[in-house]
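Once you scroll down, you'll see the structures, which are given as structure tokens.
First chain A sits with chain B, and in the next complex the same chain sits with chain C.
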Partner chain A sequence: MRRRVPLVWKNLTHHRQRLLIAVCGVGFAVVLMFTEIGFRNALFDSTVKIFRDLDADVIVASKAYYSLISQETFSRRRIEQARGCPGVGGVFPLYVEMFGAAWKNPDHVAIPIRVLACDPADPVFSNPGIRQCIAALSQPDTAIVDRQSKPKYGFPDAPTELLGLRGAELCSRSVRVVGSFAMGCDFMIDGTVIVSSASLAGYRPLRAWGKDPLSVVDLGIVQVVKGADVRKVIEDLRRILPPDVSIDSKEAFVAREIRFWNDSTPVGYVFFLGVVIGFLVGVVICYQIIYADISDHMAEFATLKAMGYRNRYFIGFILGEALYLSVLSFVPGLLISAAIYQGLARVTGLLMLLTVPRAALVFSLTLAMCTFSGALAMRKVLAADPADLF
Partner chain B sequence: MKTPLAWHNLLHSKMRTATAVAGVTFAVVLIFMQTGFLGMAAQTSGMIYDALDFDLVVRSRQYRRLSDAATIARSRLYTVASTRGVASVAAVHVAPGQWRNPVTGRKRMILTIGVQPGSRVFKLAEIQHKADLLETPEFVLIDRKSRAEFGPANGVRFGNGDLGAESEVARRTVRIVGTFSLGAGFESDGAILLDERGFLRIHPERTSQEASLGLIKLSGDAQAESVTARLQSALPPDVQVLARADVLGFERNLWVREMPVGIMFQFGVAVALIVGTAIVYQVLSSDVANHMGEYATLKAIGYGSGYLCSVVLQQAIALALLGFLPGLAIAEALYCVTERMTNLPISMNAGRIVLVLTLSLVMCIVSGLAAVRKVRRADPADLF
Partner chain C sequence: MAHTDGTSNGNYSIRVRALQHYFGEGELRKQVLFDNQLDVARGEIVIMTGPSGSGKTTLLTLIGTLRSVQEGSLEVLGQELRGATPAAMIAARRQIGFIFQNHNLFASLTAFQNVKMAMELFSFGPEETSSRITAILTRLGLGHRIHYKPRSLSGGQKQRVAVARGLVHGPKIVLADEPTAALDEKSGREVVTYFQELARQEQCTIVMVTHDNRILDIADRIVSMVDGHIKSNVLVRESALVCAFLQQCPAFSALTPRTLTQVADQMASETHPAGEVIIRQGDPGDKFYLIRSGKVDVIVAADGAPQRRTSLEQGDYFGEAALLTGAPRNATIVAAEDVRLYTLTKAQFQVVLDSSASFQEELRKALFERQ
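Right, the complex of A and B next:
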């Protein structure tokens, strides 16, 4: 077999500096897309992180619930009623105080904090850090705190110092820190602590308007028995429980929360627009680069044409160039983006996840942009007349 | 007259110039949008305070933001009222509440504001005038700029068609008796105004012995600084006294620098500037590279490097201006779309236009100068 000249590669590497500029250009387009997509996902990922940390197959919430910020509660009786449903392994109440509670460290002012409460014996959480230390909450007036809460709460970084924290108050009552976990902030919440439901009744005695504070529940965590069909259990629960609660799978709750933020808050729209603009700008940069590159080599293309190369060869050439350029630019773009994600996560306390599917999405967008731009610029080569050259 | 070479250069290959202009245009749009988002956070931050008429504010030291204002004891306001230099002090209650969409029955968080009957707390005559309609605790006024999810009768925004409509806040029936125009923000996307009794009715956890804010008006000759100092020494440390400018500055700082939304927008601006510069450099350096043959020829004819540099710079400036104008138009259109979709104000202002124009000129000139080094080195002998 005759070895062919790797013309695409030679062409790209002929002018080192020009290649560098092109890689920078496409690389920046990659960074731009990653950043905009990252902002949008940070909004969603951080908000639903709490659901990811729950060990639930099915969740029960008030009928009026539309998002965690709705703070709608339902009667604790529904929890007992749900326990009787076939296929249900366990149902546990989870109390969520989104805005009503404040945390105070000795030398700080009191700052609102999210409080989650459950019975320490109930396996409500799947987050390993919470599982590890939740048993310590069986002592009265104790809390475990989220290490990733904003620095303004004054939680010491070192776990030993955190455990030795003296004089902290939750809702103006003394509280002792007995452990820590990692959960993170979101757009509404700057920090989280977990207490036992018995302690919550002391910290928030009026949460049920004078009735037993634990008689109203925010979320019911349902675990189905091994081998049971989750969809069947949901249907049964919907039939058994009165219509003042809504019952759905954990994934459906996650989707509902994301839909709320995406569809009916300004933040969701703004970040969506950011992603679209990021992509459009990316396309324009890629087009500009590939178009300029092809124009510069017009003489060479015309010569190749005069030598008898077919149009098919040039199409393959452009696709190859687009592929090389995408790969060469994607790698540095990805590294820069990863650094930006880390920086942003540190500053905002939000979850900035760089997952393989997201990276794959940006890569395929880059490849598509380069190929598309190449195809547009290609028309010029196909129309090139060798006779013009000489 | 000399041949306008830079201009001819641009006109010669129209397609290539169009691509370059498109590159600059998109860089401009990118920067406009990101600065616009940041501006939106800054602009909406103090919108409600803007509508209130006050010189100083007294509020809890635990104040975080308007929807999370904490409360102060009402007795603090009596102390304030008896301080020299204070003409009047009005209590205002603010808290989020669950609004029931009258059409679909779905609930949504709305900002509820309660004012004392007869108090003059609003700057806008419309709100002040309509506040007199709040005769009974069930009556509410709703912000016309509230999002459509709150359920206006015509499905778009609240207006005269909603007068008399019944709804619920925190499971208590309320009746819309009027609308006003205040404006939404990232904090809350709707607001209702109630009489103090109405506010306490939908917030049973609050009492008339507390307030969220005390709005202070100074008597004609009083100095804001000296009254603030007097108030601070007269009041216990659980409250703080802030001048109007400090209150607005606090909200602005909160939404631009501290809330995650603001930090993200700032980051967006930074990335847009870097990416914008990279695009423009890319555009100009490839433009210069394309004309290297012509430049070398000019040098061979005897033109100096200075002349060639000026040609490149003229081209850079022309590209900057040609790219800027459509960029401005596209950004303006996108602003309109954003305003419609988010219900938040995002507007072009002279400062931003000057900023982006200067930036694009600077980017083009710097990139042009970087590219010009190549022209200086252009050797006519290489050409032939």
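Right, the complex of A and C next:
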């Protein structure tokens, strides 16, 4: 294999300062896209994190349920009915107070907080932190708290600090923190605590409008027996239970939650627009760099044409330059974005996940960005006329 | 000397026929080349001169396939370029080496890499590539600068790298625009000496636009253009030969060198095989002939019977009588063996006569003596 003169690389790296500016510019676009995509995904990831922490194969919810924020409940009797369905290993009620509860530290006014409640004996959660300390909730008026809640709640970062925690109030009644776990916030929810269902009845005595507060359930957690077909169980449950509940797999609930936020709110669109803007910024910067490089070397390119170089070569040159720029800018952009994700996750409590498919998506966008600007600049290099050289 | 024969010949690398060229469209269309004719033999070094705007660079770009031929015919290395496809033009281009007034080197590449760019279009092996580049750069006095970038080279060195780039792939034609303008006398001389070597040893044709008087001596042919016309097209070496030859002829010996050169420049050459009739008695006189080599017989028809009067040899001339007197040819001239003649047309002859009283006198005296 003959080694060719690496003209693309040489030209790109010849002006170090220009390259640095180019990498900064395109890298900025990369970070911008990462951040927007990160926020968009954080919105979804964080909102459905609660589902991920549930040890459920199938979930039962009210027929009117459309999102966690819909606050629609169904009768506890459905839980008992579901237990009779073949293939079902266990059905447990989960009570969710999205907006109805408030947390108060002695030195602060009360702040709304999300409260989850279940029987401490029920294996409702898969989150290891919760599983570890949920047994402590069997004592009355106790709670375990999400360490990743917003700092305003004053929840300790480490379990050992619990000992020094001062007294607090949940819904104007004293509460004792007996453990902590890690779950995270989302755009609606700043913090989460878990109490036993017995305690919840004390904290929210009126949640069922005069009936037993625990007689209405938010989510029914269904676990199927080992080896049972989840789809079959869902079908059976739908047949057995009255039509005032909807039954679906956990994944379907996750998808439904994401669809709600993406389609029914402008949030998904706003972040999508952010990605588009990042893309356009990248196109403009990348175009500037490639165009400037071509303009500076018009005579040289025309000389190459006089030698007999075909347009193919110049198209390859531009695409090569675009590819190098993408890679050179993507790597630092990725590193900076990873740092930003971590920082944001710490500050906001949002779930900022930098997964391989997401990084691949941003890399494809970067590549498309640079190629697109290269295509814009292509006309310039194809216009180089060797007849002008004499 | 004027060169106008139209015979087809594989020895020509550039043949231009009735070439017209226009710039602009519609009302702004402006003709820049008018009916150009030019033949350049293989291995010839041609220098093109003329004021700017005379069309010489246009002609150069047409020859270099950098522009499309519009009207007329242009053959480069045996290929007609009129109506050539872009692919054919690019293929033709690869057999041509270009040297531009500006060096146009990539600042990011070393001298070696810049030159290598010209070789990558061809299938040279890695060793040959490397050795050719090193050899040519060394030949042009850059052996110690092979891996330097243009930034670390002087203007003259950069221009020499550009020269190397134009020549390294062994082109059959080199088109150069002021190749020595950026060079000092010594390196300019090195470059043109190398041109001469290429022309002599590899039959490479070199067409150069230059105003550098210092290198005019290497030209085989000097083409001078004015306003889109080829005003003069002189084979320099042949012209010098004709001059020397004319000087030995008694009739021309009295001419000043300047007039002599003028005469030589205007003379055309023609050849005739043995036995061919060159002029016929009774025809109107239109040319003056000077024998470069060979022998002719002078035959006069007297009383109906042709009679061989005398024979003429190298350095002799004939045909002047009819031009001087305006009478028809008074004899028939037949080639006795293969002859080569220099000719002047009637008009050119008249110009020479008018410019030199002594020449006129000499001719009239000779004519008188002959009768």
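What we mean here is this: the second predicted complex is superposed on the first by the 378 of 390 C-alpha atoms of A that agree within 3 Å, B and C clash if a C-alpha of one lies under 4 Å from a C-alpha of the other, contacts with A are read in each partner's own complex, and residues count from 1 in each chain.
In the analysis below, a residue touches a chain if its C-beta (ideal position, glycine included) is under 8 Å from a C-beta of that chain, and two chains touch if they have at least 3 such contacts.
Keep in mind that what you see is a predicted model, and the values were worked out from it rather than measured.
Asks: Does chain B (first) or chain C (second) touch A:E300, or do both, or does neither?
Replies: Second partner only.
Asks: Check the residue A:A143 against both partner chains and state whether it touches chain B (first), chain C (second), both, or neither.
Replies: A:A143 sits against neither chain B nor chain C.
Asks: Using the touch definition from the top, say if A:V109 reaches chain B (first), chain C (second), both or neither.
Replies: A:V109 sits against chain B, while chain C stays out of touch.
Asks: Which partner reaches more residues of chain A, chain B or chain C?
Replies: Counting contacted residues of chain A, the larger count belongs to B.
Asks: Counting only touches as set out at the top, which of chain B and chain C does A:L219 meet: first, second, both, neither?
Replies: Once the two structures are laid over each other on A, A:L219 reaches no partner at all.
Asks: Which partner does A:E36 contact after superposing on A: first (chain B), second (chain C), both, neither?
Replies: So A:E36 only meets chain B here.
Asks: Across the two complexes, what residues of chain A are contacted by chain B and by chain C?
Replies: Correct list for chain A: none, the interfaces share no residue.
Asks: Please give the residue numbers of chain B that touch chain A in the complex, ascending.
Replies: Residue list for chain B touching chain A: 16, 19-20, 22-23, 26-27, 29-30, 33-34, 37, 40, 61-62, 64, 68, 96, 98, 106-109, 147, 149, 184, 186, 189, 204-205, 259-261, 263-264, 267-268, 271-272, 274-275, 278-279, 281-283, 285-286, 289-290, 334, 337-338, 341-344.
Asks: Taking the touch rule as given, give the residues of chain A at its contact with chain B in the complex, in rising order.
Replies: Its residues touching chain B are 18, 21-22, 24-25, 28-29, 31-32, 35-36, 39, 42, 64, 66, 69-72, 99, 102, 109-112, 185-187, 206, 209, 264-267, 269-271, 273-274, 277-278, 280-281, 284-285, 287-289, 291-293, 295-296, 340, 344, 347-350.
Asks: Okay, in this complex, where on chain A does chain C touch?
Replies: Checking each residue of chain A against chain C gives 2-5, 7, 10-11, 13-14, 297, 299-300, 302-304, 306-310, 385-387, 389-390.
Asks: Using the touch definition up top, name the residues of chain C that touch chain A in the complex.
Replies: Residue positions touching the partner: 57, 60-61, 64, 66-67, 90-91, 93-94, 98, 100-102, 104-109, 113, 116-118, 120-121, 125-126, 129, 177, 209.
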